[in-house]
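After this come two complexes, each holding subunit A, first together with subunit B and then together with subunit C.
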Partner chain A sequence: MKPLRLAIAGLTACSGCQLSLLNCEQELPQMLERIEFHFFPMACSPAILEGEYDATLVEGCLSMPHELDLLLALRQHSRYLIAVGTCAAWGGVAALRNGENREELRQSVYGSSTATSGSFSPQPLHAMVAVDAFICGCPPEKEELLNLIGDLLRGALPSPISHPVCSDCQMRENLCLLTERSALCLGPLTLGGCGARCPSLEVPCEGCRGPVPEANLSEALELYLQKGYDHAAVLGRLRRFCPEWKS
Partner chain B sequence: MSDTDKLDILTRVEGHGFVELVREGERVVDARFHLHESPRLFEALLLGRRFDEVAEIACRICSICSTVHKVAALQAVEQVLDVRISRQTRLLRELAVEGGQIESHALNIFCLALPDYLGVGGFPGLAVVAPVEMQLGLKIKALGNLIQETVGGRAIHPFNLLIGGLGKVPVEDKLRLVLDQLAETREGAATVTHFVSSLRETLPLLPAPECCAVSGGTALFGDVLATSCGEVIPANAVASWLNEQNETHSHAKVCRFDGEGIFMAGPLSRLKLLIPPEYANSLSGAPVSASLLARAIELNQALERAMAITRILLAEGIRKEAPPTVIPKAGEATALIEAPRGTLLHSYRFDSHGICVAANIITPTAINQAAMEQSLRQLVSAMEGADHDQVKTACERLIRCFDPCISCAVH
Partner chain C sequence: MPAHFLATKALEKLLSLLRKQGELHAPQRGDDGVLRFALLKAGDSPDLDALRTQLPPKKYLLHPRETILTYRAGSGYQEPQGRSSPLILFGVHPCDLAGIDYLDRLFLGDAPDPTYAARRAALTLIGLSCFPDNLCSCHLHPSTLKASCDLYLQRQEEGFVITSGSLQGTELLEKLKEIIEERDLPIPEDTRRFFGRQLPPPSQSELDAAMPDWQELANHCLGCGACSICCPTCACFDVLEFGGLDGSSSERLRCWDNCLFKSHAEVAGGMSFQKNRAERFRYRYRHKYRGFGQLKNIPSCVGCGRCRAACPAGLDLRTLAERLERGNP
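The block that comes next holds the complex of A and B.
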């Protein structure tokens, strides 16, 4: 059987989604039997874009012109392009001050230096190219990446998740940090699939997987208000990973 | 794609950079390392955020180093807010940081650096030419991740490390599992040093620059920066001593230091500065390329230290601790720590409501840029007469000796 020909690229990000794949230590040797890691600059030399790819996994958001060039080239030569991680899917942490003047932000760090002057407000991949599937999380769960690889090997795409972190949390019979402890837990509004990793250790969900489809923001805001959190506080937290939350 | 499109990017490093050779006719006269990672502007992103958000956001600077970023940020915030941590929390944090050291060093040795020595492109090639070593490396790497996850709740971006303590302390059974695996891995890991020292080094022996490393605490922790010139710099004076400058060829600020010297941070520097004097002689003249061996030695030290900490924690018994009461107050503080690649600094100022009003983060790769430039120049002159491709390959190998973390450097 022909191996699955993959390209794996990182844009504006922390490399955590790519590292999550390399953290599948037990499965990596087996993956090599079925996968050709053809373009994977973080782990393999040389980095040459050549031929067509069965799938391309892209980590990170777009914030520099050269990233757009790479993304367009990858899109053009890939059957499937998958946004991996919350930065690629929603903008992520780098986008948390989107809506403000980028040049002023940039100058607050770099002063008058022009080295990074091409930098623009971080955008998710789907703002610029067609994206065939999304894997969310900061970082995504290893199991999600392994399932993605499994789906791609069958020529399929992963089915989208539609439940919130709260459902995962209830499955684990965790104490509800929002209702029982009045903690600012973003579980009701956040995409599930993580097994409620944080609330299971009594740490409130920080929303790192971005919005769940059909999130009922106004209802949730009411609930948060009852617990003493005003809209600005909740939206401030939500926008840590996704600038698109609007009141 | 019909054409072969050579992307001029440095591979097998974290983040984005490339080496540029400067030529006069056919002669290579200089080499520069460009860090062209996209800036996320973390020092701006953190402004206006409350004290309890700072470490959660700052750890996103880098995945490989997320645990140590988290701990550095927590330490700085706790200093400002006068939050004391328990001995148990201190030990658990140290264990998590050692886990990060193990994972990062195993990743560098077995995945990023080893292909240079065995003539393959990456881990797929290693699986063919060195399957036993690769399996061992993956096992050690997985153990580093297990440790980080056991304490931090997740191997990357550990959410369970909080101001003053942990969300939930790990149950003793999980620590016993860590201890069992450390004991099981120890023997194999001990062979790594021997294996690495048996590799044939093709890089010219380039003298290592002066060294700097955090000192004054246990293992990777401390509150001063010590240098091979005998300086001991207190945490709050380190940023000005490092003297970060904006330069046009790098998206990261470049440390130009306070004076003439060029300093290197990282495993080799730590060993040179911190090992007992009886071993110091064998390392004092070690070249830049000895960094790989230094990493292998440190990998074993980290495994030993992790084992010792886990034993202490189990002997003393794990207790659930009440979270501290935190009252916002104005102030500023700087925390230092040794990340896998060298000295890491997090510095924050808060207003009386606990809102972050200033942030400064200096990472090992920002510190090492001047040392990398100097070593590149020395390499180019040592390879006088070699052809362009040979010089370029050697330059890239040299850069990998520093194990740069470019997301960290640019942040």
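The block that comes next holds the complex of A and C.
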């Protein structure tokens, strides 16, 4: 069987999503038998972009011109391009202050240094290129990454998830933090697949996986309001991971 | 007629006898306040006043996510090996027993499901009477589904009247001889009488409310899926296959699905039989209260009230159903 030729790149992000893949220590030897990690700067050197890729996994959002160049090159030479993690899919925490004056923000962090000149408001990948599949999460679940690799080995893409965190949570027979504790739990609005990791530890969902398809934001905002959370507080919480949430 | 009577103080003896038959599970309240069917360890007491556990007993018969086939190069698809070990559920209320009757009709019908059949055969049901609260609707809408079990405990002052519902139940009663008294007792009616009724099939009118009715429900629905997950008779599932890292092996999983989710009625090419939440509500109503396929005309709501308790938005499909049925002679 011809090895799967992969490129794995990180843009503006914390590298946690790539690290999640590298943390699959038990599975890595088996992956290496089938996969050629051809371009993976975080893990393999030298990293030279060359030839065609069966798939490219991209972590992080776009905020620098050289990232856009890299992304366009990867897109051009990849059969599939997959956004891995909430930053790549939705913008993530780096996009938290989109809408504010970019130059002022830049100067407040970097002063007069020109190292980051040309940076622009962080964008998710789909703002610039066609994305074939999305793996959400901050970081994504190990299982999701392994299933993605399994799918790619068969020339397939993962099935999109369409259930919210609440569904995972109810299946685990957890206490509902929203109804029973009136907590600001974002489970009903957030894409599931994490097995309700946080609510299972009685920590309200922070929304790190971004919006579930057909999220009923207006009704959820009403419900949160009844529980004492104003719209601004809820939207502020939601936008920490996905600036696209609009009231 | 004399009845078999078990005093409350002898309950522990019944429980230890049951533990000898297999793993004993019963309703218990967790530290987080949630009522669940869970392993009842020796010395622990079941919650006899538990009206509704968060998940119904279906969780034992259909796991939320389970492997139904494995594929290996050379041997092809194989069903999972391993036998189901005996499980005893204590304290199952009539609505949940009726829920299991519905699942039996679904999964043990003309094409029995091997996984379900094995678990069901290993399951012993000890029913327990209850009184409906304001979320229950068993008393308002009797059901043709049967609340069958192996032993049924009807609560009395200071104990229970025990009746057997199966050969296994009779054998258990035999073993309980020492602790059972024969008493002349009037047997009080309980919620079990609302089940196993001979009822005319539901009206054949389509009861398709105008879409605005369904849209009204859909507008308030958060799409969390809790109503279906906690339903004793919701058994829709999705089948997913995940490939192994060797590039050839795979696992095929059965996972609880949910008719309120976008993916539920999606088919190849991105088409969908239910494009929006209002259409999904109508579908849910027609499945739950009208039935279809082999179980057409068998309403599957057992009135346990879980969906009403679980809905964060306080929605109640039953209320709309009642309004529709009143409006359709």
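We adopt the following convention: the second predicted complex is superposed on the first by the 247 of 247 C-alpha atoms of A that agree within 3 Å, B and C clash if a C-alpha of one lies under 4 Å from a C-alpha of the other, contacts with A are read in each partner's own complex, and residues count from 1 in each chain.
The rule we apply is simple: a contact is a pair of C-beta atoms (placed from the backbone, for glycine too) under 8 Å apart; a residue touches a chain by one contact, two chains touch by 3 or more.
None of the values given here were measured: they were computed from a predicted structure.
Model built by superposing both complexes on subunit A: subunit B and subunit C fit together without a clash. Annotation for subunit A, partner touching more residues between subunit B and subunit C: B.
By the document's definition of touching, of the two partners only subunit C reaches A:L146; subunit B does not.
Of the two partner chains placed around the shared chain by superposition, subunit B and subunit C are both touched by A:E202. No C-alpha atom of subunit B lies closer than 11 Å to any C-alpha atom of subunit C in the overlay. According to the touch criterion, the shared surface of subunit A, contacted by subunit B in one complex and subunit C in the other, consists of residues 202.
Those residues of subunit B that touch subunit A in the complex are listed here as 1, 4-7, 9-16, 36, 38-41, 43-45, 47, 53, 56-57, 60-64, 66, 107, 111-112, 115, 121-124, 127, 131, 134-135, 138-139, 141-142, 145, 153-157, 159-160, 162, 166-168, 246-251, 253, 407.
Against subunit A, in their complex, subunit C makes its touches with residues 30, 32-34, 36, 54-55, 59, 64-65, 219-226, 229-230, 240, 242-247, 250, 256, 258, 261-263, 277, 310, 312-313.
Of all residues in subunit A, those touching subunit B in their complex are 10-17, 19-20, 22-23, 25-26, 28-29, 32, 36-37, 40-52, 63-64, 66-67, 70, 73, 77, 92-94, 96-97, 105-106, 108-111, 113-116, 119, 122, 138-139, 197-198, 201-203, 206, 208, 237, 240. Contacts from subunit A toward subunit C in the complex involve residues 1, 27, 30-31, 33-34, 146-147, 149-151, 153-154, 156, 159-160, 162-164, 166-167, 170-171, 173-176, 178-180, 187-189, 202, 212-216, 219-220, 223.
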